[in-house]
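Below, each structure is written out as structure tokens.
Same chain, two partners: chain A is paired with chain B first, then with chain C.
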Partner chain A sequence: MAEATQLAGAPSAGAPVGADAPPDSAQVGLWRAAWRAIRSSWAGRLSLLALIVVVGSSLAAPLWANHVAHTGPFSNHLSDQIRLHGQLTDVVSFDGVPIGPTFQGRFFLGADGNGRDIMVRLLYGGRNSLQISLVATILTLGLGTLLGLVAGFFRGWVDSVISRFLDIVQSTPIILLGIALGVATALGGVNLGIVKFAGDSLMIPALIIGFIQMVYVARPIRGIVLGLRERPFVEAARSQGATSARIIRREILPNLGTSLLVLAPIIFAQTVSYEAALSFLGAGVQAPNASWGKIISEGLDVLISAPHLTVIPGAVLAVTVLSLNLLGDVVREAIDPRGTVLAAQKDER
Partner chain B sequence: MTTTRITAALAALSATAVLAAGCGGSDEPDTSSKGGDGASAQVGGTFTGVYTSFPDYIDPALSYTQEGWMTLWPAYTGLLTYKHAEGAEGAKLVPGLAEALPEISDDGLTYKLKLRSGLKYSDGSPVKASDFEHTIKRVLNLESGGSAFYLSIEGAEKYVKAGKADGDITGITADDATGEITIKLAEKDGQFSYYLAMDFAGLVKGDTAFDNLTAKPPIGVGPFVISNVKSNRSVTLTKNVNFTALPEVPEAKADSITIEVQKNQRRQAQDIINNAIDFMTDPPTPDQIREVKTKAADRYKEEVTNSQYYFFLNERVAPFDNEKVRQAVGFAVDERALARIFGGLLAPSCNFLPPGMIGYQKVEPCPWGEPGTADLEKAKALIKEAGAEGKSVTVWGNDEDPSTPVVEYLADTLNKIGLKAKPRIVDGSVYFSTIGNQKTEAQTGFANWFQDFPSPANFMFLVDGKSIQSTNNQNFGNVDDPDINAKIADAKANPDIEAVKDEWAAADKALIEKAYVIPYGNRKLTKITSDKVAFDAFLWHPVYNQDLASLGGK
Partner chain C sequence: MIGFIIRRLGSMVLVLFAVSVLIFVIFNVIPSNDPAVRMAGKNPTPTQIEAIRRDWGFDKPVTTQYVRMIEKTFNGELISYSNRQNVTERIKEGLPRTLSLTFFSSLFMLLGGILLGMLGALKPNSKSDRAVNAFAVTGISLPVFWTGSLASYYLGSKAGVIPAGGYVEISEGGVLQWFWHLLAPSIVISLLFIGIYSRVVRGDLLDALRADYVRTAEAKGLSRRRVVVRHALRNALIPMITLWGLDVAITLGGGAVLTETVFDLDGVGAYLAESVQTLDVPPVLAITMFGAIAVVVMNALVDILYAYLDPRIRL
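Presenting the complex of A and B:
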């Protein structure tokens, strides 16, 4: 708890943080503080519940598909008919308008233009969206922390090179950069030497979003590290002959826990939004995979006659992002009440 | 017209299913602007239409999109043109500025035409025979997308290589005094008369600059003059006061037509329902069609175009090198299911040639059952028989409507019959070059074609073994059947399509029976107008879509 308190009260970027704090053994305290805040706040409880419902139902997608809807996420039913209110009804009418919500097992939330069950695709789409967002968030936090840490700790030319690189990334409109990367990688995939991803792999949008977002973590982390490296406990370690690697590992890195915990839900919410935006624009999740953004885009042409195609995934997306943001606020208020991490992020922007 | 361009432009070119025999037209000027049912329009009035995209160029030498061709046709008449009529009549070649159809030598290499006397450009200056060579030089010199059509003229390639705008195309000779024009071809091309009727060959004055003149379009001959161009915003056509009706080219009905760009198709349909605009060229969005049909039923019509939507099956790559697997795809595909993806704007078909094309003879019975029936059990049995169960298949498509849902449908269908298929969607701008590269080894996928000119040759080259290339290949399935190749070669060499229509039909039938391609339908486009327009008199032309010269009030 001591560490959490000190970091929470740490000044903004560039100023000393975590002075005289024992740098380890603090993480348990942070998590406990966050959990306590969530439990004690209605916003925390509500948002956590919403997220549990979204994540849980997405994980249960195969159960719904196999045992309730009896169809898969890619199965077309263009010429099929179902019995609705005692009458046989086309899943997709001859003029291309799909059936709306039936609120029964098959086509519970209606069908899309290919006669695919929207409920099934929504659930599978949720899995894809959340999986991409999780990987992208981990990547964002990992890459951002690495770059911010190296830049802030070593300063000098290393800092200059990294900062200019971040400037370049940040100066490019993020969605346009995402589209450019998405289109470029859709055909040939991504070959990272040891790992290769096909053009339709879910990992590609995750990599793209992770890359374009890292700047929003790297900059505040750099600012915080610039402050930390001047603190007495770091000076003490240095005077005892500790190497840079050891100082980073033992003294600096553990002190970034609060910052990362504050940033994580915000970044996660952003990645969910970016994934939806890129998929909506055709540069994210590739066919036949579903994602919330993709389902919304597929429904645009029949917005009036089949509004369920856009409204339902849009609502799920909104609830997810809102819940993540609310949860992030609750966590931040608990472990960073003065908003220093966000202030650092804002300053660096 | 290339598939890429046309896909982007939702190309034009429609025809009704009615085939009419015979050719030729009256020698009397046609000034009635009568529709198929004899309806007529009032002379005069101003009208406003909308395009979703601005034409690529407002210059006949360069334009290669539906919007461009539709705009330019009434302002730039060529030596030959098409009858201003609907259906098969409109697909007939007729003399435009020439007195008659060309006199073709026995060896098919020399075309002789004679310019009508007394013709005037829109600025009042006389039309000269030598202007034809200048017109073709502009097409070649500006490296137009249409230049390939004229490279068969003797000396054309040399002219291009020399790079001198004022050079000579030795194969074209013209006598301004007599109006005689002689064109010599380096190699026989039975389709050359059609090239003379394309917008590229719409005559322009002999002093027209060798530049893209979109901002200030060239002077031409036709019912209209392009009087005002606001780049990417609007184009205005004004009645040409120096134009007198020709036997096959009527005078304009309207005093002026302004066509504006309205990107939002939903807005376009609303405007036309509310009579705020007079016509639109792209169809309404699928969920607006019901509304249009309800609120404007008397001014809405669907027209089948001379187009083909089909799945290519690469016979050089497993598993489609096996005829049984190809047949299985034929049995599995449900054309009526696919029509729903097109919002009903697709006419299911079993033929490769569209029904409005000379040479179309319905393949009956269709080897895979009537269009709209699928036999998955039979398809599964064929896959099993071919030993192709579980074979991986990549189904290629692009991100432009309606390719993606069509490809998703095919992938799902292939999975249902025992293959292991997944879609591969790439950017529309690189799609056709990607699948047209032999290194890609594209197994199957989405393909479509809209006619450049109303000849079966313009479709059958897509399945001609002679057209296979290592890159930019448009014979995506590498169809190379000696029997079909021979039929195409024989028919193509004859400029009289009527005389060889049975050969075209035989090639079409063989193509389907051997399941080299799986056609599933012909695109429908829509004609919608305001209450003000004489709907029936506003012609739906099989080559140019909406015939602006016939647009007039009730």
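Presenting the complex of A and C:
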């Protein structure tokens, strides 16, 4: 698209043009510019803090389970009793109402309908959600960059094939595509030839979400590469006899840094949302594994007697996605103030 | 113009074919176990599996399997193996509900997106602009199934301010009750899209307000309102309307799975969610196809409409 030629502000530090470019804000380096922006705004600081707390506590799940709660995410305590304020209390009462938050080691946030410790499940669920989202985000960025780069750089029939393929993938509503893939693979698993995943593997939702979102990266990257390949420094390299592979590696890829850094937090946020939605519906993480979406859907069954089972995991999920989106905004404003990357994404949609 | 319409419809047919192949690949090629076993749902008998295998042609070549799938999906005889219901009938039953939800939610997201986007663009970096921005980020970030279920429980069941869920037909309860039951779910869906649209509109309107034709309009002495509404906004809305058209198609095609489920609307999306619970393949297949058709057809319609409005596109 023509818009991609407006990329004048895009060259990043470390790019081949860096040597003779005038010293400007781009010179401090992408990561440092992003870091400065995060540090200097309260939204950036707050969301970074929230993410550190969420990620840190999810990583610490086994510590909490083994040393504080002394129970695992799958252990049922349906017929157990615990001592609360000096009295023995049923974990799950006769009429099936689970215990509420005790704010002590075990059942810190109460139990679910199966007598499982909600705090422990939430921590392990967060671990699964984040793990799936991380793999899916890397996959989306990798696949999207590869397709967009190849299509934009080689143009011609290669571009036609890739763009039509993306059109087709995008023709199915993304949530329906995710559900279809989730249902198709939940029982049988996936066989990719080199690797095989069982139906309850956490890798399956990661693969699905990584695949369905790739369009959102491939399209803007294609547009930006189309613009980059016409720039003088690419022509200079070509006139010196550089091969396509070398031009891609040395001239194009370093200039995609800004775009990828702008896209990464937004894609991560969307990934967390899709993972939660798919798991909520039953097309993502399969039982007995936990994830935020799965815990919320289990919580909804006992919403009336135990609303905290829905409220708390949903709040953690919402805070995580919100923080990622805010972080994305802050970073975008700092390193892509003209909104070139998102404009490229919008044009292509 | 007629030539453009024919070309556009031709490519629409091609895309529809390609999408059906994609869906075929998803359900019949990707899974590594026997598709007949999966199709049969939970706890099938060997005779059932054998019947499904013959019926769907799973023992035949891939091309035959594809043709069988298309025939089955479109001849209205697709049957769920989990509960023996006719899939097409169920989708038809759910359609008026989904249609009603789509009607109100698309209206809300359109109006909300335009209004908030204008609010932001007319006074950039002001307090109201920042408030709109904060609202947009929150709308994009909140999980609809969570906000929806909490709204339905706390505002509906507990406080009784809104209906907790369910759908009332116009013939049963009148237009007012029909609207009243769709209000909360429509708002919940719109929040997300208002967030997206308000940002798109804000950006495009800011660009438009800097354009030459706006300066010309101002120089002619037109009122501010007329310049903004008749000149700038008209042009700035085009990208948003494209997105909107797609999102309407998606909601219509069962994409409001989460909201429909949480508010118990029992439309196409809710039927999909219900089928996922039992990993019931035939409904999931049919609804995915249905959603894809809705999007592809809507895309073609939007393109044709643009070609009519803007002759340059026809070239």
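As a convention for this text, the second predicted complex is superposed on the first by the 322 of 349 C-alpha atoms of A that agree within 3 Å, B and C clash if a C-alpha of one lies under 4 Å from a C-alpha of the other, contacts with A are read in each partner's own complex, and residues count from 1 in each chain.
Methods note: a contact is a pair of C-beta atoms (placed from the backbone, for glycine too) under 8 Å apart; a residue touches a chain by one contact, two chains touch by 3 or more.
Everything numeric in this text was worked out from a predicted model, so none of it was measured.
After overlaying the two complexes on the shared chain, residue contacts for A:Ser273 are found with chain C alone; chain B is out of touch.
When the shared chain is aligned, no partner comes close enough to touch A:His67: not chain B, not chain C. Contacts of A:Ala186 after superposition: both chain B and chain C are touched.
Looking at the shared chain after the overlay, A:Ser75 reaches chain B, while chain C stays out of its contact range. In the superposition on chain A, A:Thr310 contacts chain C only, with no contact to chain B. Of the two partner chains, neither chain B nor chain C is touched by A:Arg83. Comparing chain C and chain B on the residues of chain A they touch gives the larger count to C.
When both complexes are overlaid on chain A, the residue A:Val169 reaches chain C alone and has no touch with chain B.
Of the two partner chains placed by superposition, only chain B is touched by A:Pro288; chain C is not. Common to the chain B-facing and chain C-facing surfaces of chain A are residues 183, 186-187, 282, 303-304. By the touch criterion stated above, chain B contacts chain A in their complex at residues 285-291, 334, 336-344, 374, 397, 399, 401, 404-405, 407-409, 411-413, 415, 422-427, 430, 434. Listed in rising order, the residues of chain A touching chain B in the complex are 74-76, 78-79, 92-97, 113-115, 183, 186-187, 199-200, 282, 286-288, 298, 301-306. Interface residues of chain C, counted against chain A in their complex, comprise 15, 18-19, 22-23, 26-27, 30-34, 37-38, 137-138, 140-143, 145-146, 149-150, 153, 157, 200, 203, 239, 242-243, 246, 249-250, 253-255, 257-258, 261, 272-273, 275-277, 279, 281, 284-285, 287-288, 291-292, 295-296, 299.
Residues 164, 167-169, 171-173, 175-177, 179-191, 196, 269, 273, 276-277, 280-283, 293, 296, 300, 303-304, 307, 310-311, 314, 317-318, 321-322, 324-326, 329, 339, 343, 346, 349 of chain A are the ones touching chain C in the complex.
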